[in-house]
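What follows is a pair of complexes built around chain A, which joins chain B in one and chain C in the other.
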Partner chain A sequence: MSISSQSLLDGIIPEDYFSFDSILAEQQKIACVFKKSMFGLGFLDPSNQNENLVSGSKMELPLWMASYLANKEFVACELPKPYQETSRNILLADSSVVDLFKQVMYFYETGTKLIKIPHPECPHVSVSLVKTFVGRFKKIMDSSQNCRNQDLGNMCQKLDVEEKRLFEINRLSVELLDKWERRESNIIAPSNLVVQSRKRKRDQVF
Partner chain B sequence: MDPAQIEFLAEKESISILPNFTEDKLYLISGEVGPFQPQVPVEVPLWLAVNLKQRQKCRIITPDWMDVDVLKEKKAEELEGHLFSKPLHPHFLELSTIILGMSSEVKDADEVRTLIKDIWDVRAAKLRKSVNKMINHDGGGGKPLAHVEINNITVLELNTIRGFFTASLDHLHNLRNHAELCLNDPRYN
Partner chain C sequence: MTFELGMFGEKAVSLVKELHRCPPEQLHPVNEDLMRQVFAEMTALFEANKSDIEVNDDNKMIPSIHLRHSALEHNRRCVLAYLKQRLNKITQFRWDHGAVLPEEIQVNMQEHEKQWFNKYNKSLANYMLSLNGLDITQNTVPPKSLKIQDYGELETDSGDIIMLTVNSEHYLPLSECEHLIKQGVLQHMGS
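After this line comes the complex of A and B, so read on.
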């Protein structure tokens, strides 16, 4: 999805700057505590009557903003719940039953971006991401290989966006092979546009 | 790649036919074919055999390996080892599908079809198992496998797994790179 912009913007903007997935992955809310008072930013917190944001107030900020403020030492960040130790232990026990999509849509992408907020547990998170994917791989492969259209939703509901992409790739190749075995792939079918067209066909004119 | 494209490639394989007409040599880009004489076996590419058969100009001689005994033996061999055995033909599923679909002269056609499907299934299971093993492999110290060697795999089999496997490896590679980056980051040590 990223636009190739190597020559012009090389080194100025990050590689995934234009990637929608990357932008969406950075929407993840991070619980932050302000270390300093912020002047004139009281409106950010609806429960705050004050004009200024006093130090010690807690707020949930999106990852892209939290990372910037954390690096400037304005806020202290907590890891989102799905990446904390308790959740990591659940993933370690059996990652294949966890509903990643419900927890974080872009589980892996957001997980790798957490490195932007300097949190002491980041290395543990990154190792747990690898283990999670390895643990879930067999289930993704097997379910996508043996699924026919009807129960698609049920099967990939629990997969995160990247896993869904992998699932779809495998399902498609299995479907193509099935079609070939049924000798359907060498039948030339009219394009959908033609089938749905309301124009009269030549043989229907008279 | 689409399986239909692989079938197209498989149609280049040569096969024996018994023509029922007389014709000189044909000069094709891939080489000379013929001459054709009634009831004299001749080797032709599969696509030509299909064309002649459709016009009822020839009989197709069933390849030696499309025989119940040979296939049974192959199936037993395939079930025995956990590695891929040498396939009967590098395009065995494509060839048998084309020939069985067209010619009614194959002996025990039903049993041949079942056996070939069995062999295909055994091999597909092996392929899935080894792919899973490779992804799950932890070669000590968290180092992933550098390479694997898979011999005797056919194009069609490879094609069923290629897109998914490479995409998964890419994803895993990204995650591993990131983990290494984190573990070596001086901020955390």
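After this line comes the complex of A and C, so read on.
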């Protein structure tokens, strides 16, 4: 189903239009300065007593709105702190110790959307995104495949959503390989969804 | 036209967040109350833009109109993603629970979603029919042997009628029981 609908909608809407991750990543707040006055929208800023948002005033807008307005040149955006030069330098020095999840939950997803906003530092941000991922990738792969009996909670907490998913896929594939080696892969198991909904039902009974 | 305090589109995003938090094996009922609030916000945005375009002939309102327009599109995206994600879930249920969904899932489906599910069932069946009746929901794991031991509750088989009482063991053709194992009625004892 997804294949046919995808090809029909190709080019009309972006690929990640229906993606929850993408929507949530675009919730990141961006500090913006209005270049044009927004008449009649003063109520959007709670600290503003004026009826209008006058040009030159500063306000935090969600990324989806900031990027739309910045492309029309109605606002100028500032990079969020985790993407600014100081943070980029820290990431460059040693990316593996940084707690990305705490800074921006969807660090890479938000970052790739951020670099489409006209801003002089965008090329640096995009380089930094790739370098950060490469720098952290090896550790993620290593710990998800080789540390099965260790407590990795501390390390996992620092991963952004995308990295967590990568970690989980990795862990699962090692587990499946293990099962296959133990000749357990040919036993048909109840589907995961069914097992979970049963557990829930049992919980409700007692 | 009045708006509540706070940024546009926040209700729409909380709709998305709600479904995002919902565990994969469950389907909550559609949050109609929140949907209505999102629709009300969209109507208000649209009306405000419409009146601004009609009343003012100078260009000073253009930035505000664009801002509202971006919020309008964002709301639409969130609602569509919400509905689409529900359909994705229902599609997954078809493969895990079979053609008839459990009661507790069905009660939370909307009329339209039920219709969609029936259509999905039909096109899946048509597709399988076009493959000379090959059941593509079966044999997802390469079979080692064609007979399988199992146990479960009372069920009837096509052809012969077998009493599958709890803890009884049977040899059954794989084709008869793979569905039931997936649904958790039977347990594969291994061979």
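Everything that follows uses one rule, which is that the second predicted complex is superposed on the first by the 163 of 206 C-alpha atoms of A that agree within 3 Å, B and C clash if a C-alpha of one lies under 4 Å from a C-alpha of the other, contacts with A are read in each partner's own complex, and residues count from 1 in each chain.
Here is the rule we use: a contact is a pair of C-beta atoms (placed from the backbone, for glycine too) under 8 Å apart; a residue touches a chain by one contact, two chains touch by 3 or more.
Just so it is clear, the model here is predicted, and its values are computed rather than measured.
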Chain B versus chain C as contact partner of A:F20, first or second or both or neither: second
Partner chain(s) touched by A:M141 [first = chain B, second = chain C, both, neither]: first
First (chain B), second (chain C), both or neither touched by A:S191: second
Partner chain in contact with A:Y106 - chain B first, chain C second, else both or neither: neither
Which of chain B and chain C A:Y83 touches, first, second, both or neither: neither
Touched partner set for A:P120, first chain B, second chain C, both or neither: first
Partner chain in contact with A:I169 - chain B first, chain C second, else both or neither: first
Chain A positions touched by chain B in one structure and by chain C in the second: 185-186
Chain A-touching residues of chain B, taken from the complex the two chains share: 2-4, 7, 97, 101, 128, 131-132, 135-136, 142, 156, 159-164, 167-168, 171-172, 174-176, 178-179, 181-183, 185, 187-188
For the chain C and chain A complex, residues of the former touching the latter: 3, 5, 7-9, 13, 16-17, 19-20, 23-26, 48, 52, 60-64, 66-67, 70-71, 74, 77-78, 80-81, 84-85, 91-93, 95-97, 102, 104, 120, 141-144, 148, 178, 181-184, 187-188, 190
Residues of chain A touching chain B in the complex: 108, 112, 115, 118, 120, 122-123, 125-127, 129-130, 133-134, 137-138, 140-142, 144-145, 162, 165-166, 169-170, 172-174, 176-177, 179-181, 183, 185-186
Residues of chain A that touch chain C when the two form their complex: 1, 17-20, 23-24, 27, 34, 36-41, 43-44, 46, 61-62, 64-65, 68-69, 72, 74, 185-198, 200-201
